[in-house]
Amino acid sequence: MKMIIAILKPYKLDVVRDALTAIGVQGMTATEVKGFGRQKGQTEIYRGAEYQVSFMPKVKVEIVVGDDMAERVVDVVRETAATGQIGDGKIFVLDLSQAVRIRTGETGVDAL
Amino acid sequence: MPIFWSFICRSMVATSTAACLFVPVDALAQVAAPTISDGDTAWLLTSTALVLFMTVPGLALFYGGLVRAQNVLSVLMQCFAVSCLAAVLWLAGVYSLSFDNGGGAERWIGGMGKALLNGVGADSVSGSIPETLFFMFQMTFAIITPGLIIGAYVERIRFPAVLMFSGLWLILVYAPVTHWVWGGGWLADMGVRDFAGGLVVHVTAGCSALVVVAMLGNRRGFPNDVKPPHNPGMTMIGASMLWVGWFGFNAGSALAANGSAAMAMTVTQISAASASLAWMTIEWIRFGKPSMVGLVTGTIAGLATITPASGFVGPAGALIIGVIAGVVCFGAVQVVKPIFKLDDTLDVFAVHGMGGIVGTLLTGALAVPFLGGVGLPEGMTVGQSVWTQVVGIAATAAWAVAVSFVILKAVDATVGLRVSDEEEFEGLDISTHGERGYEI
Amino acid sequence: MPIFWSFICRSMVATSTAACLFVPVDALAQVAAPTISDGDTAWLLTSTALVLFMTVPGLALFYGGLVRAQNVLSVLMQCFAVSCLAAVLWLAGVYSLSFDNGGGAERWIGGMGKALLNGVGADSVSGSIPETLFFMFQMTFAIITPGLIIGAYVERIRFPAVLMFSGLWLILVYAPVTHWVWGGGWLADMGVRDFAGGLVVHVTAGCSALVVVAMLGNRRGFPNDVKPPHNPGMTMIGASMLWVGWFGFNAGSALAANGSAAMAMTVTQISAASASLAWMTIEWIRFGKPSMVGLVTGTIAGLATITPASGFVGPAGALIIGVIAGVVCFGAVQVVKPIFKLDDTLDVFAVHGMGGIVGTLLTGALAVPFLGGVGLPEGMTVGQSVWTQVVGIAATAAWAVAVSFVILKAVDATVGLRVSDEEEFEGLDISTHGERGYEI
Amino acid sequence: MPIFWSFICRSMVATSTAACLFVPVDALAQVAAPTISDGDTAWLLTSTALVLFMTVPGLALFYGGLVRAQNVLSVLMQCFAVSCLAAVLWLAGVYSLSFDNGGGAERWIGGMGKALLNGVGADSVSGSIPETLFFMFQMTFAIITPGLIIGAYVERIRFPAVLMFSGLWLILVYAPVTHWVWGGGWLADMGVRDFAGGLVVHVTAGCSALVVVAMLGNRRGFPNDVKPPHNPGMTMIGASMLWVGWFGFNAGSALAANGSAAMAMTVTQISAASASLAWMTIEWIRFGKPSMVGLVTGTIAGLATITPASGFVGPAGALIIGVIAGVVCFGAVQVVKPIFKLDDTLDVFAVHGMGGIVGTLLTGALAVPFLGGVGLPEGMTVGQSVWTQVVGIAATAAWAVAVSFVILKAVDATVGLRVSDEEEFEGLDISTHGERGYEI
Amino acid sequence: MKMIIAILKPYKLDVVRDALTAIGVQGMTATEVKGFGRQKGQTEIYRGAEYQVSFMPKVKVEIVVGDDMAERVVDVVRETAATGQIGDGKIFVLDLSQAVRIRTGETGVDAL
Amino acid sequence: MKMIIAILKPYKLDVVRDALTAIGVQGMTATEVKGFGRQKGQTEIYRGAEYQVSFMPKVKVEIVVGDDMAERVVDVVRETAATGQIGDGKIFVLDLSQAVRIRTGETGVDAL
């Protein structure tokens, strides 16, 4: 199994999720994160003082799938999340040694 | 706008034909005892509530929204605790020092004859209202003034220092200046005009704020590594409450429900609105975006600036004052922190101090009937009138600075002024008060 | 409920025995000059503060809590900036256009004789209060009315468009309608009844809101992909402030501290409470859960609906009005957005427009003494009275719609109405004002 | 403090020389009809707004900030819905039961002659104000009293139970006690003193709160596994609004804009401030850190405790009452939950119940002129006066406890008292109202 | 070493943590996340408009332990977190190549 | 490639980030987390009732770098984040099988 971690622009979450559901991904977990990268944050000015917001709000999506699905998932995420503009984000893939569904105790791809 | 002005204004009323409709003159002649007006009393009861509302929650929220989330409760608590302390001290003696007759020292300070409201009962009268009501109305001014200074020292001061400083400041700075200006002291004698507290409230607080900053030091990380306001919406709520409450502050200072009060309310509104728009416009031009925090800061600048003038100028004067307030206070904000490197954190001097100074000055000039004002003080030219105001400002500022310095030395030597670096980093909410602002 | 009603009511008072207790009649005969009542003045000073409080922070919070978190500051700022702008324009000439004598055009619009309060001083009198106070009290109505429209265009409008639209709208829609209804214009002549602003405030704002939506377009993602209210607690605070402030709005419109004011306050309360309960009950039955946002929306519906009737009906009439308000406005909400697909985002038409229309209609019928009302306009049957109200509604709605359309065309052609998609997505707080609402 | 006191006070005024300035005595002789004072009316209109403001949003925020984030909307909604319900019931008959003449049952309960304000119009007079205004002012008391009890049952009660309990409680507890104390019933006959609601409001609410807790049960996880306040800043805003609104509560209870009102406002302020400082000091000593939540809880304790005394004691008495309030209510908080294991969640009994009891007792003793008070009831010694107060407290507490018990049995048997464990865990916002408090 | 990632119902956090402490786990890191899966979010209705909350609030717990402990941890989490109802969550296991305690510089299982 | 996960004291985020930027790390992703470990949370007292806050606020930083950089990054984080006091946090290192830049589709270290 693979854990695919995608860092996305927040407003892409819904469309990525819909696309993944369409190819049969059953679940995923999302987290609000702060991204530091080439794309820089806004400057806010309060009463003349500048505050540099160093990060960009991003959303991190973690998707665990069987090895066979992994490439497909990466492609779908890439296609739906890309805008061509800086800050579109990254996809990271990790190997997973085990998955368990808490409710039933099923393991492996059955747990997903 | 106190008791002296009130007596004058009341005696004018008593001799004016229109007002006599309500007061058959022969009846008046027969009765020596002063009497109260239920209408004036109703308005002053309301005004007192409005001015208390300015500090808690108004000012507390205005300030609380501007600090970082880890300090929000400490700011709310400072405002609230200072309010409680001021109320008790006002009763204990500060009212008396401000407004009681000072005998031989009358030019400089009042007496202690009315400490604990000694001799003042439910039927004591001051002008056309109960004296306890005058006491209460003035108390709310004594509450908000040290409250304003809080903006200078947030996020790094020790809480005992807040209490000790505020208490001593009320006795040693607020009481004398109030007596000078409103209690029959030397500035009143000179003819200094301060309708609702440009000197008494804003100049004292603004100038003392700078001294506090100089002695307490800047926040860690100032100026490059400090946090933006954690909740500007809270600041807007506070600013709105200050705006509404200021009607009690200024129009209440007429000490009556009459045309003077209505005009004071009018000019207050005009100045607030035009200062807001002025500030917004400058920001828009200068930074490309008009901000909400800027807009409401302009409001407070306009309100502070009209305060001394509010019983003397007309609508046209108020427009002028408002625009000047927006421009000058905006400018002052760009100077104190960035250039002087003085971390007057929430811009107490730039907004209140400068507002009070500019407003007090303009009161000297803009009261001219040509602009709808009530006229200059009798027998004064514009130059003399402005000069009188300059003396008032200089004396008030000098006293506030000097005495604040002494008080702060004493506070530092006893309870200590500043929290440790760790406490400052962790935030005063947890480190000083053991609470957290948001558990959402 | 303004000046004309006030004159009538005052003259009634002047000839009533009870009131004369306070005004020795011979004294009155000797003195030509009108005089003010300090009690009435006290209440109107208070009412002015209450109505300002309705807009900032009341309405701002009511609206601010309903949008998504990325737009909260923009909403607060729109309310606040429109308030400032309206205050200045009111002084500049809108007051005069509304209430000054229009000479030959009197049936349609007032004159410019009182622009900049020309000729109005601290001792000018209007009815039994200072004229500057009447000016201020009415100003707060001129502040809240364009404020109400904000609910229709939040989350997607350009900020310059807000200012330009609101300013022109005050001059071209608000001033004429106010003059027609309260300033001595043709609707007043006809005998249209609008105690505190059903037509002047709610029908104008509600109808204009629909035009704004039609021309500005819906939010991106409407209706399926929009966000729920980000902070319903903020909305509840705002609704509560609107409720309390509405006492100033309606009871203040008696322009006196008397039985009429007290009855207006009573019916306001009854209508607010019963509309809230009605709305809650419907939601409970229909959706299975009574929501807080629904409950307080019912309150505002009840308040808007009683507004035109508040000086004319009694408690029983208020109960009827309240229940009808809850039912009708709830129904309207289910129509405008889901069926007409008009993204009147915060339901300005459904709540204020429909409330104003229904209330104005019911004023025509429920003023009958049988229900504790003051009676129908002299010489009118119920049918005539209702018909008069219908004419008032139709004329007001038509004018508001037509002129708003023209104004919006002009705004679109000059500063532009709508932000870009990216700005809309990112939220107006950052994109327009460079600020963020929460840094918690 | 109501109608009886008002009549007495008014008749005193009518015969006092000072007041007669405004009322030529011969004119008075000629006119039989009672008349209203516009100044008193102005103040009572304002006070009514202030007391409504205490409940929504004041009390709602005070309570809402103390619960966990998943229940905040439910608390706001409970306060708001109870307010609406109380308003309608007050009109429907509770006002009449409280203040109408009860005929043969007069000692125990009022009549139904004024149900739906039958026979009461805009020109009905009560004392020196319109009767509808007296009705409205008193309504706001009937709104806040069941509102106070909410603090005992938050986070676990079913919403229908809130409505049913509050409604029945108003009819069966509030109306009789109000009649006994203020409406001419047996406690009034005995000479019990309760200026603004120590018995009527605080003792009834506080004692009923304990019964509610006993029958509803504690929160799951109480006492070890419950959440800290989710938003203490919200609590501070609420406390501030309660403080300011309490000026209307206590000073409004003078039913006039006079020296008695001003003194009531003064003692209210002194007690609030000194109780706050007392509570803060105890916390500081005992826990090492003074907390904001503690400080503002002290304020409410001071306000509740001065309430019955506010028209009878002077500033010195208020200082004593304030300090005692801070100490006793702090102590009570440390007993009810930790020792009795009664999850009176937001300390309704400890703060309001104890405050009301202590204040009512002290009213018996501290009204002595020596401390600036108005004097003991005519012909009573201190002992008799205190004993009378004890009887008042005992009777009120006993009735509140017994009848609340019966009502809760009925509620439990019909709509059910408590939500399921899952609903409680998930939070009432989602499970009962289908909403979420924060979407930030 | 293994990194065990558990997605749980939020109110299970305390009991899971207590159970893990009981078997000798010294530390863990928790994050509030949004879960998408078979269990669907609530519908909220505001003024008649329906808002589908697409996600369920979940808490993600990351626990790093030595290889020997891993299975035990998985079992304990499963047992304490299961309610048998849909949405109980998942457990994922990853291999960890290194762990360092920042304070001391210790590495490997000593760092935990 | 490696994914380096560092759990830090929140106020160390800025200095760690600056140090990493200095050695050529181009991006990273930060999340606010709750840490359970040897360092215990505060006690809060409201109206006399004690509330034990069981966790410490921490920040989790995820940094993906090429294998060659990994050790350097671990060292730099350790050096800049250490205060020597309990609760300084941990660094965990995982193997990454793939990385993709969404914008361009670049993969491997080019994607970082």
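Every chain is named by a letter (A, B, C, D, E and F) in the order it is written, and numbering of its residues begins at 1.
Just so it is clear, contacts are C-beta pairs under 8 Å (C-beta built on N, C-alpha and C of every residue); 3 or more make two chains touch, one makes a residue touch a chain.
Being a predicted model, the structure only gives us computed values, none of them experimental.
Chains touching both chain B and chain E: A, C, D, F. Of the two chain pairs considered here, B-F and C-E, the higher C-beta contact count falls to C-E. Per-chain Cα centroids separate chain C from chain F by 54 Å. Rounded to a whole number, the gap between the C-alpha centres of chain D and chain E is 48 angstrom. Between the CA-based centres of chain C and chain D the separation comes to 33 Å, rounded to the whole angstrom. Shown for chain A are the residues in touch with two or more other chains, namely 14, 31, 44-46, 53, 94-95. Multi-chain contact residues of chain D (touching two or more other chains) are listed as 22, 24, 37-40, 42-43, 46, 227-229, 232, 257, 287, 289, 291, 293, 434-438, 440.
Listed by chain label, the pairs that touch are A-B, A-C, A-E, A-F, B-C, B-D, B-F, C-D, C-E, D-E, D-F, E-F. Note for the complex: chain E touches chain D at residues 11, 14, 42-46, 53.
Within the complex, the chain A residues that touch chain F are 2, 6-8, 31-38, 54-55, 58, 60, 74, 77-78, 81-95. Across the complex, chain E meets chain C through its residues 44-49, 51, 53. Those residues of chain C that touch chain A in the shared complex are 225, 425, 430, 434-436. On chain E, the positions that touch chain F within their shared complex are 3, 14, 17, 26-31, 64, 94-103, 105, 111-112.
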